[in-house]
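Working notes for the structure below.
We call the chains A, B, C and D, going by the order they appear; numbering starts again at 1 in every chain.
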Amino acid sequence: MREKVWADAKSALDGVLKDGMVIMAGGFGLCGIPEHLITAIKNSGVKDLTFISNNCGVDDFGLGILLANGQVKKMISSYVGENKLFERLYLDGKLELELNPQGTLAERIRAGGAGIGGFYTKTGVGTVVAEGKPTREFDGHTYVLETGLTADLSIIKAWKGDREGNLIYRKTARNFNPMMATAGRLVVAEVEELVDTGALDPDHIHTPGLYVDRLIVGDHFEKRIEKVITRPREGATEGAR
Amino acid sequence: MAWTREQMAARAARQIEDGFYVNLGIGIPTLVANALPEGMDVSFQSENGMLGIGPFPYEGEEDPDLINAGKQTITEIDSTSYFSSADAFAMIRGGHMDLSILGSMQVSETGDIANWTVPGKIVKGMGGAMDLVAGARKVIVLMEHVERSGAPKLLKACTLPLTGTKVVDMVITDLAVFEFEKRGGPLRLIELAPDVTLDEVKAKTEAAFEVALEKADA
Amino acid sequence: MREKVWADAKSALDGVLKDGMVIMAGGFGLCGIPEHLITAIKNSGVKDLTFISNNCGVDDFGLGILLANGQVKKMISSYVGENKLFERLYLDGKLELELNPQGTLAERIRAGGAGIGGFYTKTGVGTVVAEGKPTREFDGHTYVLETGLTADLSIIKAWKGDREGNLIYRKTARNFNPMMATAGRLVVAEVEELVDTGALDPDHIHTPGLYVDRLIVGDHFEKRIEKVITRPREGATEGAR
Amino acid sequence: MAWTREQMAARAARQIEDGFYVNLGIGIPTLVANALPEGMDVSFQSENGMLGIGPFPYEGEEDPDLINAGKQTITEIDSTSYFSSADAFAMIRGGHMDLSILGSMQVSETGDIANWTVPGKIVKGMGGAMDLVAGARKVIVLMEHVERSGAPKLLKACTLPLTGTKVVDMVITDLAVFEFEKRGGPLRLIELAPDVTLDEVKAKTEAAFEVALEKADA
């Protein structure tokens, strides 16, 4: 029997976490982040971690709580601008940072999971991002070589999952989670709801169960919103379109 | 009289054609959506993984699983689709976005753009900006004509770290509209804000530009 | 207004087809192929076509009918073994063939649609497929460079579509269709059912409407099966698992 | 007495562990699924875009939208998921398949495999074979020990165009079982079919191999 469902975040990460490991963490901003697994990492006290994650949370939520707890050695991210603690640690030389263009970061993770050693992109050509990297011409345009990324562990967040590990995501909470599910040597997912195998439409499954090693059901999702923007009920013409 | 932010956004909106797929950056570009004429079929993409962005939600109806690339709560519409960030950037990098409208700190006379970092200040990261300028079919920059200090932002060469090279197609400032005849230049002044003079623009612009004010309403 | 729905396959391809053009055609074997669009190409009489398609149909169905009609100059495929006419034309020097490993073909099409100039894969290293192509080491393994593929036109088949061009596929009829939808300069899709915009679950859309330029509803799908294999109703233990 | 095809498949099935994700090639490998013990949780992948393959359909219940990589009608099961061929090969190439079992024409003593074409005969194409041997964590070859002509198929070096180099982990023939100690060799004979002698295998094998018949049941 293939038993993938674990009792909680702590048990699912027991024996897995090690000082100095590389962890991919899903989410964009605070949307679609594995809240329970982050808390379990905090409680484990493991340190010198390298995180591959688009952002680094805020001061007191998301990966920010691991920063605050002194557990993070390095971030591989695209945007870390919502976090004052990050700023201070970085300026004090207590935190390493490797910035990637967001699309390059997403593609590097996909490549790592898909057995692609490297790929050529126009993104970043002529900028600091391309410094020291090989370039190549395709159809008269210059492309820069970026390499695939993998991790010792991926922690991801999905909406629903079944016992086989099949996952579906909800709205923009999908973001980096599906690629990270393919690029971790061990993949632990937290879901809001565990459903019977067969309950998810097989045409609709975003992450096939093969990619998920362990699964937990979160008991309470805070799902904090970074920027609540609303429109008045009267004037329905305003808005972001 | 210089254009307001709303007028700049409205000017940018005139570049949007019916049926366009558009990515709007943070800041002044977000105002562009509201400046579109009614009845135009334009879809907005958010690079975290969504096509077809609806208006901001009513109070109490915010969904934490539904945000734009600026991390603001939004809503979906009938045509909305969701996808991963890898697929979102495949869409951008693959040349499928008709238009990207971004803010910027500097633009050079060859269409280089610098809009992600100022050395010495804290590095926040480029986010999706480098992918957007490299991948969108057309790139429009919306920015103030000069810095607060009065220093020009349209330069011979950018002094800040670049976001992309030879990628800008049009620059709309509070004083004027410039376009690049083709990617890489030459830069051409095509429009002045009301009561703004060519001399004023020349004085406030370091970049070399041709003057082609056929469409000017001054 | 963005009007993507056309009356039929003929009108949707009117003015589009040109001798010598490169066309991507979705499908795996005869599963998920754009039957109506293939017939319209046959009826147009356009010739010297290069097709990028995993297979080349059978003698009298799928792309095979274009072969039989003398319209195909070259195939870029991974497996063309179900087609005797193909064999004869190839041996007679009347047909060019570029074979790609199936995964490399799929990835080259994805790359073409995703703005990836080229990518490094271990597939084919040390074989005829890698001859003359640059190689590079990643983590001590040798990878070969493969380039992105695009086409003048992609013809694809989906299950349901809406007026915005959003598409969903059904079961293994998905195959190469989603990547080809991203890699054609013009993309024409045929669907079994046109639904109201908003009727498809936005979390479930496989191809966002942006990729689809024109859409038709097929009036009759033959959906021929190449190898019907069944099991006896009595013995439910036999099977392919 | 040489093994039958079913016995070869059953021998291969012994290499499958509970929880494995497996891709089976066309020919003898398709028999492996039926040789698995009851209760084992094994998922089969089809490289056209499916994980979790069910049995063949009942007559009248064939679905033209549901075929395996051999183009045969199949069914889905509770755990099935569908995906594109690009995603199917991302799964294969990314090292996520525990095991690939394929037929072959030749295997060399360094684990090279040639199973896709014979020069001079019509080229059908490699399909997914090159991706499978390059990407699967473990590659098992199921093939007759010799050609119909009697010529050995386990060679010092393959004479046919290669599918992959140094990729085979185990070879199961009708006469014997060989494994590679590590990828690239050395090749090791670990088992003989009942009443098959070491001398017979030596006579019918060109490849150099070590003898390690600890598990032999002869």
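Observations
Here is the rule we use: a residue touches a chain if its C-beta (ideal position, glycine included) is under 8 Å from a C-beta of that chain, and two chains touch if they have at least 3 such contacts.
Here the structure is a predicted model, which is why all the values come from computation and not from measurement.
Taking the CA centroid of chain A as reference, the farthest chain centroid is that of D. More inter-chain C-beta contacts link the pair C-D than the other of C-D and A-D. For the pair chain C and chain D, the distance between C-alpha centroids works out to 28 Å.
Here the CA centre of chain A is 36 Å from the CA centre of chain D.
Rounded to whole angstrom, the centroid-to-centroid distance between chain B and chain D, based on C-alpha atoms, equals 55 Å.
Computed from the mean C-alpha positions, the centre of chain A lies at a distance of 32 Å from the centre of chain C. Among the residues of chain A, those touching two or more other chains are numbered 107, 110, 114-116, 121-122, 169-171, 174, 202-203.
Those residues of chain B in touch with two or more other chains are numbered 76, 82-83, 89-90, 92-93, 134-135.
Because contacts link the chains in a way that matches no line, ring, star or complete pattern, their graph is best described as other.
Each chain pair that touches appears in this list: A-B, A-C, A-D, B-C, C-D.
Across the complex, chain D meets chain C through its residues 30, 33-34, 36, 42, 44, 46-50, 53-59, 61-74, 76, 82-86, 88-90, 92-93, 112, 122-131, 134-135, 161-166. On chain B, the positions that touch chain C within their shared complex are 18-19, 21, 39, 41, 43, 45, 51-52, 76, 78-83, 89-96, 134-135.
The residues of chain C lying in touch with chain B in their complex are 1-2, 110, 112-116, 162, 164, 166, 182-183, 196-198, 202-203, 205, 208-211.
Of all residues in chain A, those touching chain B in their complex are 28-32, 54, 77-82, 87, 90-91, 97, 99, 101-104, 106-107, 109-110, 121-129, 159, 169-179, 206, 223-231, 233, 236-241. Chain C meets chain A in the complex at residues 107, 111, 114-122, 136, 138-139, 141, 143, 147-148, 168-171, 174, 201-204.
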